[in-house]
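Once you scroll down, you'll see the structures, which are given as structure tokens.
Here come two complexes built around chain A, the first alongside chain B, the second alongside chain C.
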Partner chain A sequence: MTQRFLSHADLGALVAELVAAHTRVIAPVRAKDDARQLDYLPIRALADAALGVALPRRSLKEFFLPPTEVLLSYRQTKEGVEIKEVPTQAQPQVILCASPCDAAALEVVDKVMNWEYRDELWFGRREATTIVSLLCSIMDSSCFCSAIGLGPDSSRGSDVLLTPVEGGYRAQVITPKGEALLKDYGSAELSAAAEAGAEAAQLAARARVANNAPAIPAEFSAWLAENFDHPIWKTMALRCNGCGACAGVCPTCHCFDIVDEHESSEQGVRRRNWDSCQMAKFTLHASGHNPRQSQSERFRQRIQHKFSVYPRRFDEILCTGCGRCSRICPGGMNLPEILGELMALAKSEPEKSEGSGQ
Partner chain B sequence: MKELQELAAKLLTDGAVQVVIGYEEGPRGVRPAFITDPAQAGRLVFDARCVQNLATYLNPRRKHIVQLGKSAVVVKGCDARAIAGLIRERQIARESVVVIAVRCGGVLQRPAENAALNSETISVRCAGCDVREPKLYDYLLGELPPEPPVNAARSEQIAKLEKMTPAERRNFWNEEFSRCIRCYACREACPMCFCVQCMADKAEPQWIDPSPTLESNRAWQMMRVLHQAGRCVDCLECERACPENISLGLFSRYIADAVEKRFEYKACDDPAVAPPLGVFSTEDGEEFIR
Partner chain C sequence: MNIYQPHLMRIVEITDETADTRTLKLEFKDPAVAAAFQFSAGQFGEYSAFGEGESTFCIASSPTRKGYIECSFKASGKVTKALRRIGVGDTVGFRGPYGNHFPIEEMKGHSVLFVAGGIGLAPVRCAIWNVLDRRDEFKDVTIVYGARSVADLVYKRELEQWAQRDDIRLCLTVDPGGQTPEWKGDVAFLPKVIENHVVTAEDTYALICGPPIMIKLTLPVLAKLGFAAERIYTTLENRMKCGLGKCGRCNIGSTYVCKDGPVFTAAEMLKMPQEF
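So, the complex of A and B:
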């Protein structure tokens, strides 16, 4: 890892050059429908971006796994069925001033996207994207990245991590992609004052989120698996109304549905669309049977998949502690609070529960 | 507040109900509370942050609530309209729920806000409210607070929409619906969406393409709002749940106004009033149905 100093002007020049070269640059900007909220959107100049204001409402997920995308088109001809797959190569894009939790989420989801099948559309976009993150200074009471083992200064998933210092940024270059992006910008000289300033900013940021939730212990995933039938699940999610808004805004929820849509009797497209385990239809069998009958079971699935199934399979928690689910939830479900309750239970009842069954 | 807490404790102690659904202080403002132990009744609160329509939890498809037993539910007048709707449409029986109504002086837009009520912070749904003192209740609590301020944002928006040409109006709604990701949070949060199988979830026949394209989003949102015509209670839970902040409440209100004009009907908290699209009348304005 190397370090550079980037002035504000350097960063502005980088954006200008990328935009001139028709590279899509995405950054947090003020939402069109609500000036208090931010969205990650394409920018034309650095001045379009709103930095250090708030965590954007949605994560970076949609730039890698769009809410809907065509996988292939098909056409019935006299000779048979003609199938055209979509190209997996993506246009280059740069994500500027991403939140470190959102950058980390992509690396977490990479694991499932390269599990039994390599998702070429996902990785096509991953490879074409350079991610420049910015030290997070915008956390609120729903943030708990440090409990997951990340932090406001985590460089995970980033090609470059910026830390604000007097007059500009300390740029930590994490990957060759980051190196290539910044090689003509700023200087390799980082003053001792800038170095000290960056370290102080890191410590201050970590302190602001450290007490929001206790760290999740390694044995938590096994406890969850053993306590699948614990009676707590029946009462834990009473206020959850099953709307699934949490999954939409979650940076790591990646489930999708594949459907064929006919444009006429001869042709159509195959699409994949975001889906959510909070919906009854998600597990509805063709027979009419649904193994997850009630919202209690669907909410349990959300927790089990993120904090037990995924960790046991990929050695990763499927959550970054970004807090978006708690902010959006119309029922007032709060993930740090729920994890706190479950971890307390794991401590007081470490053994496998007898359970009440389902 | 004390009156509410004591009543909840008494209902639970007497075994009149097994759960009291009310509001409590949560990590992000006020949120729904499910009190099953009379000793916990002290958690209940009621103030201008009590935005949520708790009648949504009475919806019979919420099996995880049904299993708790008989409920008492804390409602504002606007929420009582949803209970009346569920009774009117034979989803619940009147005697299956104990209605604890609270006289209301208006609510904020979000339960996590903690601002004084004024013409900008108050919910648009409180403008012109005629149910501040509900008529559907088993217990009616509190004093009637003074007339709340009026947030005219929505009526101004409706006036603006009405002045638009059809093409402009189409563009406005296209812009809104293009953002829809078809997560169906609006439907799931709605107290009046109780279909066992939503038309949007039907695969054979597939009435509406499931992919979030503008065309199918428009079809979905139009279908939803038309199924809500004369049924929507204007609680705005759909809009609050929408992760894309689509003006769903504006859309529903637009249709509700049309129903009021054509059928002289407004969603009310009297379950005995017949639904406008569910009655036969020889006086009907349409010839084909007489």
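So, the complex of A and C:
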């Protein structure tokens, strides 16, 4: 890893050159429908970006797994069916001033997307994208990245991590992609004052999120599996409306549906659309049988998948502690609170609960 | 290559099994794909009717029968209804084979008990023909098959063929009330038939597929006969979309039916959360 100093002017020049070369640059900007909120959107100049204001409403997921995307198009004639493939290579893009939790989420989801079968649509976009993250200074009480083992200064999933210092940024270059992006910008000289300033900013940011939730212990995933039938799941889910908003804003929820859509009697497309385990139809069999009939079972699936199934399959928690699910939930469900309650239970009842397993 | 891209297959034969269940015989359109295609008994695929979507079925034909595959389905949803509307010569999509398979090689030199209920005979039939096409490699073969009524029995021509062979024991049954005046088989629920006809579990593998309630009531009967849970194999049929471990739909606890299954032993199923 190398370090550089980037002035605000350097960063502005980088954006200008990328835009001039028709590279899509995405950054947090004021939402068009609500100036208090931010969205990750394409920018034309650095001045379009709103930095250090708030976490964007949605994560970076949609740039890699769009809410809806065409998997193939088909044409059906008397002679048969012709399939038109979709390209799996994507146009180069740069994501600027990403939140570290959103950058980390992509690396977590990479595991399932590369599980035996490689999802070339996902990885086509991953490979074409360079991610420059910015030290997080915008946390609120819903944030709990440090409980997951990340932090506001995590460089996981980033090609470059920026930390604000006097007059600009300390740029930590994490990957060759980051190196290629920054090689002509800023200076390799980082003053001792800038270095000290960056470290102070890191410490201050960490302190602001550290007490939001206790760290999740390694044995928690096994406890959740053992306590699949614990009575707590029923009462915990009472406030859950099953709307699935949590899954939409979640940077790591990746479940999808595949459907065909006619465009005419002869042709149409096959699409992949975001879906959520909170929907009753998600697991409904053709026979009418549904393995997850109640909302408490569907809520349990969400928690189990993130904090037990994924850790046991991929050695990763399927959550980055971004807090979006808590902020958006119309029922007032709060994930750090829920985890706190479950972890307290795991401490007081370490054994398998009565009625578990069978 | 995009992993969601299906191969094109031509329908070469259609058999109506019951009023609502149909078997399609399919051949790959691309000879190179046909030549490279291999699968094992128990594996499944995603079959598509273009314009309607994809549906998950096992491959119902045996891997010993080369050059084609068959699938059997009940017209119950959007895709299966569309697959019923199309005819011989028409094109469907196929992705697969996916998932694990029955332990045919491990079963060599042992006896096999096949148990199926209703359309659950489809995955079992794949294994039955696999064993029958290599009959001398296995000891006793017993098939117990039941349906709600005589009209609901599938693969009727093959049931007749099996009845005439002297190297298979075939027990057919329909639920009480489902018999016709001509019916010569049993009239009883499947677990009872197993209790009456299957004498021993010694040196025997059991392969059992059917509706969840049938599996649930049959497992204790097999246990009573002395079948070890590790020797009882079944398939789980969770709703799936991708078949590739990505879409997040088919898991039971940390078990992904599409990747770890669809074939599981009764012992494995007992260890899973009971959410299927």
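Rule of thumb we're sticking to: the second predicted complex is superposed on the first by the 352 of 358 C-alpha atoms of A that agree within 3 Å, B and C clash if a C-alpha of one lies under 4 Å from a C-alpha of the other, contacts with A are read in each partner's own complex, and residues count from 1 in each chain.
Assume a contact is a pair of C-beta atoms (placed from the backbone, for glycine too) under 8 Å apart; a residue touches a chain by one contact, two chains touch by 3 or more.
Quick caveat: nothing in here was measured; it's all calculated off a predicted structure.
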Could you tell me whether chain B and chain C fit or clash when both sit on chain A in the superposition?
-> fit
Would you check which partner chain A:121 touches, where first means chain B only, second means chain C only, and both and neither mean what they say?
-> second
After superposition on the shared chain, which partner residues are touched by A:326: those of chain B (first), chain C (second), both, or neither?
-> first
A:107 contacts which: chain B (first), chain C (second), both, neither?
-> neither
If you stack the two complexes on chain A, which partner ends up touching A:48: first (chain B), second (chain C), both, or neither?
-> neither
Please indicate which partner A:33 is in contact with in the superposed arrangement: first for chain B, second for chain C, both, or neither.
-> first
Partner chain(s) touched by A:179 [first = chain B, second = chain C, both, neither] = neither
A:287 contacts which: chain B (first), chain C (second), both, neither?
-> second
Should A:257 be classified as contacting the first partner (chain B), the second (chain C), both, or neither?
-> both
Which of chain B and chain C A:226 touches, first, second, both or neither = neither
If you've got the overlay open, could you tell me the nearest Cα approach between chain B and chain C in whole angstrom?
-> 5
Overlap of the chain B and chain C interfaces on chain A comprises residues 257, 259
Residue ranges of chain C touching chain A (in the complex, touch as defined) | 1-6, 8, 10, 29, 48-54, 74, 76-77, 80, 91, 93, 211-212, 237-239, 241-242, 244-249, 251-254, 256, 259, 270-271, 273-276
Please give the residue numbers of chain B that touch chain A in the complex, ascending.
-> 26-34, 52, 56-57, 62-65, 67-68, 111, 181-186, 188-189, 201, 209-213, 237, 240-243, 245
Residue set of chain A touching chain B in the complex reads 31, 33-34, 37, 57-58, 67-68, 141-142, 234-235, 237-239, 241-245, 247-249, 257, 259, 261, 271, 273-274, 276, 278-279, 281, 293-296, 326-328, 330-332, 334, 336-337
For chain A, which residues count as touching chain C in their complex?
-> 71-72, 74, 76, 80-81, 83, 85-86, 88, 112-113, 115-121, 225, 228-229, 254-260, 262, 268, 270, 272, 275, 277, 282-287, 289, 291-292, 297, 301, 304-305, 308-309, 312-313, 357-358
